[in-house]
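Right after this note come the structures.
Same chain, two partners: chain A is paired with chain B first, then with chain C.
Right after this comes the complex of A and B.
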C-alpha cells in the first residue's frame, strides 16, 4: 500500500541525508536541520510539489524550540510531504521560502510572524495581518496567557461588575 | 468598453476602502487604490473576524472543540466539524462505525449544497441580479430545516459530527424529507441554468485567473478547477466513503468569474447525486463508537501529529493537530481555503479591474471571511 511513499522517502533520504517516516498512505514526515530547508524545498518544487498547503509553528516551550512545519502537496504523486525543522525559541530566525513559493508562502509567513514572532529572512512584507494596534507579545506563544493579559489590560478589580474575572 | 472611456489623468489616484462590514464583502475589508474607476492596486485588510480559534482549542478538550469547530465557518459548519473529528479520530486511533461514515458524508454534502446555494445568491447580488439572491436564500431554508430536524441547530449543529462518529442517528422521517428537499432543489437548478443575460455580461471575461497563477498563488477547490485543473481532495485522497461513491469533478478552462460560477452549479448537481447514493446504501448499525458514547471528560489524546485534508465547498481545508499526550491538543493549525483566496488571489485579480466589477470578482471566488481570520 505504501510502496510509492517508501520509494520517494528513500530517494529523499539518500539525496539529502535526512531522516523521515512514512505515516500511512499519502503521508510522509521529514525532519531536517534548518540549513537544508531552502535546498530541499527547491528540489521538492522542481519535482512536482508545487502546492504549499500550509506552514505552521509549534511552540515547544520545555525544549525552548519552535518547530516549523511545511506541508507540501504534489498534484502528480498525490503525496503530502511535511518538512519539519526546529529553530531556537529565543531568537527565532529562518530563511524565507518566498523565493520558492512566492505570494503563497509570503502570506503564511506573515501570519506566523505576527502570531509567533518568527523572523523570516528574505520576506519583505511582514506587516501585521489580523491584529490591529497590538502592542503585547506574540499571542500564540505558549507562555502568553491571554486570560491574564486581558485582566491586566482591560479589567478593574475594584469595579463591581468586573470583580468576577479575578476569582 | 473600458478603452472608450478617457483614462484618468496621472497622479489622480485615490484610496477607497471596501469593507469591513460592507453588505457586498462580509466581514472583510479591501484597501483599493483607484485611478478614475480602475483599480490600480488592492491590499486585503483581514482581522475583523479574528477570534484566535487555534489558541482557544489549546485550552479545550476535543469534545468542547467539536462545538467550537462549527464556528470556523458560518456557511459550512458541518464540514469543519468533520475535519476536526477526523483529526481527533486519527490521533486516537478510532475506527468509526460504517453507518456513521455514511451519515457524515450525507451531512457534509448537504452542507456543501447549501453553501453553494448561498454562493449563487451572493454572487447574483454582487452582479446586480437581486432575484437570484432572494431565490437562493429561500431554497437554502429547506436545507436549514433539515439541519434543524437532524442536528437541532439551523446554522450551527453544535458539534453534530464529533470524534467517534455522529452525535445521534437520523430521526425516522429524515431520509424521506432529505429526498423531498433534493427534488425541490431541481427547480432552483433549472432557474440557475436559465442564464440571465445581464448576469452573464457582468461575469464573462471578468477576473481571469490563469492556471499558472492559480497554482502559484495556492488556489484550491472551485477556483483552481475554474482555471482548468482537475483536482479534488475527495478524489485525490478519498476520506470517509468517497472512494465508493460515483461522482464527477466539474472543470472549466476559462478561469473567469463565469466559469467559477458554473462550477458552483455543477457541484450542486454532483452533491445531490452523492447524497442520493449514500442514502440508498445507508447501512444499519451504531452511529458512534461505543467508547465515546459517553465521553470521559479527562480522556487523554495519545501523543502524535496528523494533517487531515478535506474538500469543502470553497476548496482544500485542513487541520494540523499535534498532541503531547494531554487532554487537549497541544497545537491546532487550521488551514482554510479562503486564507489564500482572499489575500493573494484576490489582490492579484483585482488589479486593473473596474470598480463596478469588484463585487463580481470578489464573490466569484466563493469567499467566507470566517475561516480566513479564524
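Right after this comes the complex of A and C.
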C-alpha cells in the first residue's frame, strides 16, 4: 500500500541523512535541522514537488521552540511531504524559501512574520498584512495574553459601563 | 404659512428617499439581507443601495470593524455629500459585541465616526431598521 512512499523516503534519508516516517498513504513526515532546509527544498522542487501548499508555525512554549512546517505536494507522485524544522523561539530566524517558490512562499512568510515574529532572511517584503499600526507583541505567540492587552488598551476600570470587563 | 429656516427648506427638498451605502464586515450584511429581499422589500420606500458613497445619504455600518477596515470606513464617510447620516447596526458597533476581548477590533464606533443612530440587536430586526430610517424623515419634518 505505501510502497512508493517508503521508496521515496528511503531516497531522501540516504541523500540528506535525515529522519522521517511514512505517516500513511500519500503522507510523509520529515524532520530536519534548519541548515538543511534550503538544500532539501531545492532538491524537492527539482523533483516534482512544485506546490508549496502552506507554511505554518507551532509554538512550543515549554521547549522554547518554534516548529516550522512546510507542506509540499507533487502532482506526479501524489505525495504530500511535510517538512518540519525547529528554530529558537526567542530569536526566530530562518532562511526564506522565496528564492525557490517565489511569490507563493512570500505571502505565507509575510503572514507568519506578522503573527509570530519569525524573521525570514531573504524575504524582501515583510510589511504588516492584517494588523496596521500594531504596536504590541506578535499576537499568535502563546505567552501573549490578549485579554490583558485589550483591557489595558481599550477599557477603563473606573468607567461604569466598562468595569464589568475586569471581573 | 409657516416660516421655515433655509436649512429646513433645503432638507425638505433634498430628502425624498434614502439612498444607502453599505459598509459591512463579517455577518453584517447577512443580517440585512431580508430587508433587501422580497419580504421586507425596502425599495417600496425608495430605499436603494447605491454603488458609490458619493451618491449616498445614509451609511449603514455593521459587524465588527478592525483597525484596518475602520480606516477605509472613514474614507467612505468622507466621500459622502452632506447631509449625511451614519446608522450603526448590531451590538458589535456599540461595544464590540462578542469580540469585546479581541485585540484587533475596535470597540465603540463613535470613537472613530460620528454615529447618528445605533440600532441594537444581534442581529437587529428589519422593522427596527425601518424605524430608524423613519426617524430621519421625522427629524427633517420637525426642523423649523
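One rule holds for everything that comes next: the second predicted complex is superposed on the first by the 167 of 167 C-alpha atoms of A that agree within 3 Å, B and C clash if a C-alpha of one lies under 4 Å from a C-alpha of the other, contacts with A are read in each partner's own complex, and residues count from 1 in each chain.
The rule is short, and it goes like this: a contact is a pair of C-beta atoms (placed from the backbone, for glycine too) under 8 Å apart; a residue touches a chain by one contact, two chains touch by 3 or more.
Keep in mind that this is a model prediction, so the values were computed, not measured.
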**Asked** Counting only touches as set out at the top, which of chain B and chain C does A:149 meet: first, second, both, neither?
**Response** second
**Item:** Partner chain in contact with A:130 - chain B first, chain C second, else both or neither
**Value:** both
**Request:** For A:47, decide between first (touching chain B), second (touching chain C), both and neither.
**Result:** neither
**Asked** Regarding the shared-chain residue A:31, is it in contact with chain B (first), chain C (second), both, or neither?
**Response** neither
**Request:** State whether chain B or chain C is in contact with more residues of chain A in the superposed arrangement.
**Result:** B
**Request:** Please indicate which partner A:119 is in contact with in the superposed arrangement: first for chain B, second for chain C, both, or neither.
**Result:** neither
**Message:** Quick check on the superposed pair: does A:139 touch chain B, chain C, both, or neither? Answer first, second, both or neither.
**Reply:** both
**Complete:** The intersection of the chain A residues contacting chain B with those contacting chain C is 130-132, 139, 146
**For the chain A and chain C complex, residues of the former touching the latter** = 130-134, 136, 139, 146-147, 149-150, 153-155, 165
**Prompt:** Residues of chain C touching chain A in their complex?
**Reply:** 66-68, 71, 96, 100-104, 107
**Request:** Would you mind writing out the residues of chain A in touch with chain B in their complex?
**Result:** 23, 26-27, 29, 50-54, 56, 58-59, 69, 71, 73, 75, 78, 80, 82, 101-104, 106-108, 111, 129-132, 139-140, 146
**Asked** Where on chain B does chain A make contact in their complex?
**Response** 46-47, 50, 52, 54-55, 215-218, 220, 229, 231, 236-237, 305-307, 309, 316, 318, 320, 322, 330-331, 333, 335, 339-340, 343-344, 348, 373
